[in-house]
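In the two complexes that follow, chain A is the common piece, with chain B as its partner first and chain C second.
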Partner chain A sequence: MASESIAQRDADDRELTRLLGAYIAFATGWLVLSTAVGIIVAYKFAYPEFLTNPYFSFGRLRPIHTNDTFYAWASMALVGLAFYVACKTCATRLYSITWGWVTLALFNVAAVLGTIALDLGVNNGDQEYREWVWWIEALFLVAVLTAAYNLIMTVARRRDDDVYLSNWYTMGGIIWTLILATVAFIPWYQNGLGQVAVQGFFMHNAVGMWFTPLTLGLFYYVLPKLLNRPIYSYALGVLAFWTNLVFYPIIGAHHFIFSPLPWWLQTLAIVFSVAMLVPVWAGSANFLLTMRGRWEQVRRSYALPFVFVGVLGYLLGSTQGTFEAFRSLQAVWHLTNFTVGHSHLTMYTFITFGIWGGIYALLPRATGRAPSLVLTGLHFWLATVGMAIYILALSIGGTVQGLVWMSGAPFIDSVTAIAPDWLWRSIGGSLMFASHLLFAWNVWLMLGGSQRVPSRVEPIAEVA
Partner chain B sequence: MSRDGRLVAIAGGAGLVYLVLAILMGVLPGMALSKTAPGPGVTPLTPEQEAGRAVYVAEGCSYCHTQQVRPLAMDKVFGRPSAAGDYAYATPELLGSERTGPDLSNVGVRQPAEVWQYIHLYDPRAVVPPSIMPSYRWLFRVVPSAPPGETAVALPPAYAPKSGVVVPTARAKALVAYLLSLKQPALSPEMQKAAQEAEQAMAPAKPAAGQAAAPASAGAAKGFDYAATGPNLYAANCAACHGAQGTGVAGAFPPLVNDPVVTASDPAEHLKVVLDGLHGKAIGGTAYGGQMPAFASQLSDEQIAAIVDHERTAWGNHAPTVTPADVARVRKGGR
Partner chain C sequence: MEHMLSGPPLGNALVALAGAAITLWVIVAAVRMLVAPGETDPNHPKYRVLKEDR
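Let's look at the complex of A and B:
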């Protein structure tokens, strides 16, 4: 806006930076907490009497790990980054900084209450990713609602007429989640098998219509920005947007293949799981083609290696999801630990690495303070190696579990057969957790713990 | 398109498309399937079982235990394939997504002994040494001696507290009442046919392991099938109570080593107990609290013969073995 002075713009920038920093700081705290819980849970597979106590029991900690990862770490980080990306792509200030803080406060209150309630055994019926009781979920939804209003009003103030693709994805994700969670948490029409149908719909959409679009929106901003070249194909991004929107809601029932849900509903879910290859490959190809020929730049960047792994996670995790939906492969893998490997390939390799890429790309630009090169490298390699061990162990272990069941051996044999893989999983998980501590230290450096770098560009290894 | 029109088209359009799909794929199937009528024999839970279900939910049991038997050969050990009508009173739904522990749809039939459930909840390794299930000790109290009207849990000494006895709390009793209520009622003939068709659609060419083989196939040539061997079937069906080495659990489950029925030269009584189950009978002057389920409907003649042969020849037992024909005769009521 021409009427705004430079001083005013700087003041707006400082306020936005403070807000972004707070979102990232709280999100990081939740990441450390939720993965500490994850480590405890992982070691209980090898040492079942480790911390025998109701408040540290497997059945209560597992939903704390998943819900805090979802609704505290990833949600807070992605919404904070979405605000920042909206302001930068629209060349405007955030519609309301105050409401930005209110949203963050609500996210945190919901996460604290959700964590305490789950640890006391108060939940919404062991239904994955909707374990929070309705009134805690309602707080979370009010947070999303305020975020939606703030984001849309910010985009409405954009300088250009066009709406940049990143904002399609972030606005879409927030609006879809509002609809999804409202539909899923209204209890009155859900009984018995009907609730199973809603659960299949919900648990998959909670990932694919919330974290996926917000992370993809982040990629569409970070990649062109850091590589200083436009996205390979804007049209491909639009195609992926609409196909993801139309196909994704139909595939939820593939979580209940061979269940008493109507067979046609399961088959429809399998067919559209194959159709999901269209948006997934369109999106992944778009990102990889944007990076083509710039691998040296990717390698030297702090942020781009994380984005690169994130894109690979999106491609591999989603393609794996398509294959897992086939009845022939479900017969081996369904109900085994293979699924847990899959969910980490998506929520960790894709979403979490994607968020890290976004933070390392944007937070130093906002604050003017760089992370440590050594810590960033260690963070990257510990997380990557740990994740690879984790996923390989559970993919192998899950396959073994399925084969033991099919062999007709006593059930307990499937427990003893996978035991070494569970131990490997704990080792991989420990490396991942160690990397989160390094990341947290880096966040502190980027928020003010390090010297201000002279120019407001992303630090590059050879410069630093 | 105008500036605002563009934004409305993207945000509003995407929202509207999703709302329609959410109704089509989430709400409408949810509403329709919520009206599924209860299957024959499916009844609401009693208040105590309902309270036990709440404990099951609060402790997150369904993160490791499914309640859905699939129409697949490998799931046969858990019961018949689950049917839509099984879940009419099951809200919140507890189908689960991981089977780190066994499926519980039919656990009330497979493992009906209350005392086994208590021992297993207090310390799963007391009855299933390789188990990785958590101990739920907070559902029990340790008291100097069992108060009037309460029965102490017959824990093996190695797993019992150093002093005092263990008694279940109301929550443990409710949970066990719920677990024992999990019994699959028989399917109606049409539903049975539908389940069989679904199973055949998925079945590999060869008959599945663990399946109740038809007696006609007994003479057919077939390769070695580990799943059908006595030690394997014993481990899957009997070891949880009688122990992997046939030693039992004092006060709860009798030992099979040197047991007069197991080592008798006439196998009729032994076969009868396996087929029909046993409860409340003192053995050698000792009373046992456990309840043995009837295996007649769960295992074929070949499978029971294999198990009984294993019991009669393992752990130092030396008794004459039996044939599937012997099992069939006792099953029909002969001797």
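Let's look at the complex of A and C:
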């Protein structure tokens, strides 16, 4: 009986590993594609005559870059990792491996159709991050629905009474996203001010209620496991979960300061943007205090440097978002390239670095195969330096751009003023893209390489 | 100050006060949890997750 259950457990683990590997492999392919498109878009600013064919026009390629980054790369990677973390923390197998594959197929079909449709000029207008037409978005929604069912049923089969904190975040994120995606496509909110309100609700919450909780859930599992040390304060993680839920949903309206949206809604969005400092600072402090005194271990790890940068990205990006919400600063930064720098500080420095940390932490454990140490180091430093150049260039350039607009000078003066920063952005972006190629090679090694992971030492819980 | 940077004063104040009250309350809770996290029971979920999982 015992040997039978061990054999069954091994078989379940092999199936889960294959599924996780597939999610990571497809996600990585989409990362390379979406950021290749991003590089083309970036160089168009520095060289406007570059690739003028309609299929390579800015208006078509830009949403391909953003939607594929969101709904293909980050969504697939985070859902795959969430399945894995749920199984491990609940000491059970995935509720349905078959449905796990169906979810992955739906994500991919939506992304392929979305990419083709956008390049053909078939889109949902200029609704940022929801440019996919409704029936393609519906495929994505079904993918999230199947993932939610599988995840919740897996957690329901846990052996402990408690639901571990990671699963609070991943289940919360996936349920909130179902609501978010449904609201965004309700037909009677597709025009007028209702459209503006829903657009603010969707574009901001796609980051804060989907990618953020899934990445934070990943941190709450990966950090303790890698450091062999419990999270500093579990209760603080729970507080951050609930305050994120209370404060976040309404703050998307801060993208539409000075718009005809009701003034109280704009003000509430600003106030709760400030309130978001609570979960952000509490969560970041919790992670940093968990790492305290273990910096040598962080430095020597494959995964921990990525998680560390991810935590810093969460802290800096979200704090910056709070300040950006103020009317006095919006007066300068509204509609400038500063916002593009901010979105990369969050989606790249926080979410993407966090996913990389999760993959480098968990995929070798699952497959028993290690990435290249040299490639991992190069991946880390190319991505970090490239991202720093990118964000600094757009933060400086965007501020200059806003100040030139406020001065009343002709628009072309702002274009001339920011032109050198656009070139720096392209250079930083090129370094980031080069790092993605190295990461893709590392994923290949972790899935099928010959270098084995050393045997693990039995962890011993450290009681604070 | 440009006119767009101001608004209806009473509504703004009410919204800001209500939001600020909630925010202050959770700040106090967060600081308490940071200063004294407690959670020393070895059977707490934060320790159990460190054990070798399946």
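One rule holds for everything that comes next: the second predicted complex is superposed on the first by the 448 of 464 C-alpha atoms of A that agree within 3 Å, B and C clash if a C-alpha of one lies under 4 Å from a C-alpha of the other, contacts with A are read in each partner's own complex, and residues count from 1 in each chain.
One rule holds in what follows: a residue touches a chain if its C-beta (ideal position, glycine included) is under 8 Å from a C-beta of that chain, and two chains touch if they have at least 3 such contacts.
Being a predicted model, the structure only gives us computed values, none of them experimental.
**Q** For A:Val278, decide between first (touching chain B), second (touching chain C), both and neither.
**A** A:Val278 sits against chain C, while chain B stays out of touch.
**Q** Kindly classify A:Arg327 by the partners it touches after superposition: chain B alone (first), chain C alone (second), both, or neither?
**A** both
**Q** A:Asn228 in the overlay: touching chain B, chain C, both, or neither? Say first, second, both or neither.
**A** second
**Q** Once the structures are superposed on A, label A:Leu94 by its partner contacts, choosing first (chain B), second (chain C), both or neither.
**A** In the superposed model, A:Leu94 contacts neither chain B nor chain C.
**Q** Have a look at where A:Phe201 lands relative to chain B and chain C in the superposition and call it first, second, both or neither.
**A** first
**Q** Using the touch definition from the top, say if A:Trp264 reaches chain B (first), chain C (second), both or neither.
**A** A:Trp264 sits against chain C, while chain B stays out of touch.
**Q** With both structures placed on chain A, which of the two partners, chain B or chain C, ends up touching more residues of chain A?
**A** Of the two chains, more chain A residues are contacted by B.
**Q** Quick one: is A:Met76 in contact with chain B, with chain C, with both, or with neither? Answer first, second, both or neither.
**A** Touch partners of A:Met76: none, neither chain B nor chain C.
**Q** Which holds for A:Gln127: it touches chain B only (first), chain C only (second), both, or neither?
**A** A:Gln127 sits against chain B, while chain C stays out of touch.
**Q** Just chain B (first), just chain C (second), both, or neither: which does A:Ala303 touch?
**A** In the superposed model, A:Ala303 contacts neither chain B nor chain C.
**Q** Under the contact rule defined above, give the chain A residues that sit at the interface with chain B and also at the interface with chain C.
**A** 162, 246, 258, 263, 327, 331
**Q** In their complex, what parts of chain A are in touch with chain C?
**A** Its residues touching chain C are 9, 13, 87-89, 91-92, 160, 162, 164-165, 221, 224-225, 228-236, 239, 243, 246, 258, 263-264, 266-268, 271-272, 274-275, 278, 281-282, 285-286, 289, 327-328, 331, 458-464.
**Q** Spell out the residues on chain B that touch chain A in their complex, using ranges where they run on.
**A** Within the complex, chain B contacts chain A at residues 3-4, 6-7, 10-11, 14-15, 17-19, 21-27, 29-36, 57-64, 66, 68, 70-74, 77, 82-84, 86-102, 124-125, 128, 130-138, 198, 202, 208-210, 225-228, 232, 235-236, 239.
**Q** State the interface residues of chain C toward chain A in the complex, per the touch definition above.
**A** Listed in rising order, the residues are 2, 4-5, 7-8, 11-12, 15-16, 19-20, 22-23, 26-27, 29-30, 33-34, 37-40, 42, 44-54.
**Q** Touching residues of chain A toward chain B in the complex: what are they?
**A** Against chain B, chain A makes touches at 44-46, 48-49, 52-54, 57-60, 62-63, 121-128, 152, 155-156, 161-163, 168, 171-172, 175-176, 179-180, 183-184, 189-199, 201-202, 205, 209, 241, 245-246, 249-250, 252, 255-256, 258-263, 265, 327, 331, 334-337, 339-340, 405-413, 415-416, 419.
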